[in-house]
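Below is the structure I would like to discuss, written out as C-alpha cells.
The chains carry the letters A, B, C and D, assigned in the order they are written, with residues numbered from 1 in each.
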Amino acid sequence: MIAQIFDTSDAAVADVADGATVLVGGFVSAGTPSNLILALKRGGQTDLTAVANNIGLGDLLDELCEDRQLAKVIATFAIRASGTRSSRFEVLYRAGEVELELVPQGTLIERLRAGGAGLGGVLTRTGLGTMMAEGKQIIELDGERWLLERPLRGDVALLKAWRGDLHGNLQYRLAGPNFNPVMATAADLVIAEVEELVEPGEIPPELVGTPAIYVDRLVRCEPIPVRWEG
Amino acid sequence: MSSSTPPTGLSRELIALRAARELEPGSVVNLGIGLPTLVAGFVKPSDDILFQAENGILGYSGISESDFDSDLINAGGQPVDLVPGASFFDTADSFAMIRGGHIDAAILGGLQVSARGDLANWYVPARGGGSVGGAMDLAVGARKLIVAMAHVTRDGQPRIVEICEYPLTAERCVDVIITDLAVIDVGLQGLTLRERAPGVGPSKVAEWTGAALLIPEEVPEMSL
Amino acid sequence: MIAQIFDTSDAAVADVADGATVLVGGFVSAGTPSNLILALKRGGQTDLTAVANNIGLGDLLDELCEDRQLAKVIATFAIRASGTRSSRFEVLYRAGEVELELVPQGTLIERLRAGGAGLGGVLTRTGLGTMMAEGKQIIELDGERWLLERPLRGDVALLKAWRGDLHGNLQYRLAGPNFNPVMATAADLVIAEVEELVEPGEIPPELVGTPAIYVDRLVRCEPIPVRWEG
Amino acid sequence: MSSSTPPTGLSRELIALRAARELEPGSVVNLGIGLPTLVAGFVKPSDDILFQAENGILGYSGISESDFDSDLINAGGQPVDLVPGASFFDTADSFAMIRGGHIDAAILGGLQVSARGDLANWYVPARGGGSVGGAMDLAVGARKLIVAMAHVTRDGQPRIVEICEYPLTAERCVDVIITDLAVIDVGLQGLTLRERAPGVGPSKVAEWTGAALLIPEEVPEMSL
C-alpha cells in the first residue's frame, strides 16, 4: 500500500523485463513521463510493447527506437499524415522492424479502463465499418451493431504527475491527467515520476487524481520539457 | 473530373472563417488537428462557443500567445488559453463526452468524403500508415460533423467522391463539407451545393466534385 | 450551454412529465438532492421510474411513495434484510403497487456510464450465477463467461452538488460525488441543486466534478439534512 | 444437524476482533454493512490497514465520534474519520477499484455459505426481497473474501451448508468464514476447520455445520 520511493528514475525502472508491455501516460507534452522513458532508454530493455497515445510527436518515446527497444507500439498517433521529417519510429516501421497497432483514442482508453476495472470488454460504435473492425466481434442488439472491444493491460505503467505523496497519491495539474489515471489502474507495476514529493495529507483528498493504492513506485524528477512543433 | 488547372479558391484561413460561421451560438465544439484548429481564431466572444479538446479540456478560447506550459495544450499540442468556467478531465471522461453525444459539433479535416457522407481522414495509403487520434470517436459521437478541407488534392483529384478509396474514419457521418470552393450539405438524397466561393460558379464546383451534386436554382456566394 | 438558474426547486422540476424516468444522485445522506425530491413530491408527478442507489434508507425518495408517485424503482438498496420498521416503499412493494429492479451497485453505475458515454454495454462478472443473470445475455470469450449489461438512461437527472457556477459547472465535496457525476451524463434534462451559486471561474478547473455542458438547470437550496440510523 | 440448544459463541464484537486479525498489514480492505463495520474498531494503527468505502472514500479510520457531516459517510451511512492521505472518488471509479481486483480483502456478512464457497447474503426469502448494494461486486472483485457471521440462524439452523438455498451473491467466492464458533477455510477440497472459539470443541463445530468439515488433528483455539 505504501509506495516505494526511488532516488533515481534509472533505479525505478531497472527491473522492467525485456518483453514487457509498458503503458506510457501522457498526451504529447502534457503529463508525459519523459524521465522514466529516458531511464528505460538507458536501461536498454528490449522487445518492449509500448502503449501510449502518441509516438514521434516530439515525445521521447521515439528515442526508444534509436536502439530498437520496441517490438510493438499500440497508439493513436504514430504516422504523420504529412511532414517533411520522419520520426525514428516511422523509419523503423517502414523498415518492418516494429509492429504498429493503431487504436482510436476513445477505444484505447476504454480498453485500458476495462483492463483496470475488471470488465471483459465494452461495446462501441467507434470503428464500425472501418479497418479497426477487422477481426473483431460485432454484436447486434435491438437492431443496432456494436464492436466488442477487449481489455488491455500492461506489465508496467509509467506515469507523470505534478505532486505525489509518500503513500503514492498523485495530483495532476491542468490537462496533465489524460491517460495517466486510467493507466494507473491497468498495470501490475505502476511507476510515477513527480515534480514534488509531499507528506500524506498535503494533497487535499478531493484533488487526488490517482489514489495511493494504484502506485507502487515514486521518483521525484525535474520535468523534461517536450514540445510538438507539428 | 476535369484536367484543367484547379481553380483558385479560399485560403485555409477563409475556409476556417467560413467553418466558424457554421457553428451555432452557445454550442460545444471540438476542433480536429490541422486546418480546423484555425477555427478557434474566427469565433466571436458573443457567439459563446465552448471549445473542447479531447486531451481533457472544456473551455479554451484559442491558441495562447503567452508562455508555453507543457500541461496546457490542445489535441494538436498547441498552447491554449482558458475561459472562466473551464474544466479539466481525463481521457476516459473526455471520450465519454465525445462518444456519448455531448459535443454539438466537430470540425475535422478530410482526405475524402463520399456522396453518402462517409469520411476518410486518417490513413494515407501513399504513406502506408496514419494516425487515427480521436477522429473515429468524434465522427460517430459529435451531433454535427463538419469537414473542412481543400476541394481537390494537390494534383487536382477530387476529394468529394462517390465512394471513398481511402480507409474510412466512419460511415455516413458527415453533415457539411466546407472547402475552398463551396459549402455542401450531405443528406439522404446525396450532396447539395449550398454556397459557392466568391467568383466560383456552381458548374465549376460540380466540375471539381467527383460525385453527383444537386445544384439548386439559387446558390448564393459565401459571405465572408 | 449556459445553465438556466431557477429560483425555487418547485419551478426547476415543474415540467417533469408523468411517466418520466428520473435518475436521482446521492448515497444515503451524501450528495442527495433532497430539495429536488421534495419538489417532485409537491409537483405530484405520477407513474415515475426512479433510478437511485437507495430508497427507504432515511432518504426522502421514500416520500414519493406516500402519494404513490413511483411505478418502478431501480436501485441497489431497497428492502432491508432486517429492521423493525418498514419504509413506505417496502409497504407499497409488498402490496404489489410498485415494481423493483435490484441492480448490483457496480453494475448500476456502469450501465449509467454506458448510457452517458455512448457505449452499447459492458461485460462484467458481477451477477454471474445469480438471479441478476436471469434473462441476460452471457458472452463467452477465451473460455471466460461474462454478463452483458446494457446502458441505462433517464429522461431527467436530479443531482446535488456543493457549489455550482452560472455556466453549470458543479463542485462536489467529500464523498458527495458518488452517483452524481455519471448521472449528469446520462439524462436528457439535468437539474442540480447546489448550496452555493458562484461566478464562472470561481470553481478551479481541476475541482469541477461535472462540467457545465452536462447541466441544464441549477437551483440554490438550503441543504436538507438526512441521516440513516440503520 | 443437531436439535440441541445452539452453543454460546463469541459476541459480535469478538467476531469482528477475530476478523480484524485476519487482515494482512498494509492491506486495502472494504467492510460490508452490519457486523463487518465493527472491524474498523479493532485494527491497530501499526497494521496500516486502509479502509475503502464503496461510496467513494479510500482511507477512513473508523466511525467518527464528532459532528455528523452528511457528505462524509461510509457505505452504511455512518460518519467516518479520514486518515492523512485519504482520497475521494465517484461510484464509477470506486467500483472500478473493487471489480478490478485492487481491494486486498473484503469482509462481508453472510446468510449462507456453501461447501464450495458460494455466498448468499443479500436476499431473504422470508422477507420477499433484499438489498444487493455492492456485495456482488465485492464478492467477485476482492482478492480475499472473508465472511463474518453467526454460525447458525436464530432458530438453530446451520448457515454453513452443502448448497445454498438462498439466492446467491456470487459463486465460489468465499475464502474464509469467521463465526462465533470457528474460523473455517474454504478450499478446493471443501471446508477445513482452522480455529475454534474458546471452549468450543471441533465436534461441536461440526455438529452445527451443515456441510462436510475437514478437521485436522490439531485445531487451536482462537487467540483473542
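Keep this in mind: contacts are C-beta pairs under 8 Å (C-beta built on N, C-alpha and C of every residue); 3 or more make two chains touch, one makes a residue touch a chain.
Please read these numbers as outputs of a predicted model, since none were measured by experiment.
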Winner on C-beta contact pairs when A-D is weighed against C-D: C-D
Chain B and chain C, separation of their C-alpha mean positions in angstrom: 37
CA centroid of chain A to CA centroid of chain B, Å: 29
Two or more partner chains touched - positions in chain C: 110, 113, 118-119, 124-125, 172-174, 205-206
Of all residues in chain D, the ones touching two or more other chains: 88-89, 95, 98-99, 140-141
Touch relationships between chains, expressed as pairs: A-B, A-C, A-D, B-C, C-D
Sites on chain C touched by chain A in the complex: 110, 114, 118-125, 139, 141, 144, 146, 148, 150, 172-174, 205-207
Touching residues (chain side chain A, partner chain B) in the complex: 27-32, 53-54, 57-58, 76-81, 90, 93-94, 100, 102-107, 109-110, 113, 124-132, 162, 172-182, 209, 223, 225-228, 230
Footprint of chain B on chain C - complex, ascending: 1-2, 113, 116-119, 165-167, 169, 185, 199-201, 203, 205-206, 208, 211-214
In the complex with chain A, residue positions of chain B that touch it: 53-57, 68-73, 75-78, 88-92, 95, 98-99, 111, 122-124, 127-137, 140-141, 167-171
Residues of chain B defined as touching chain C within the complex: 26-28, 48, 50, 58-59, 82-89, 95-102, 140-141
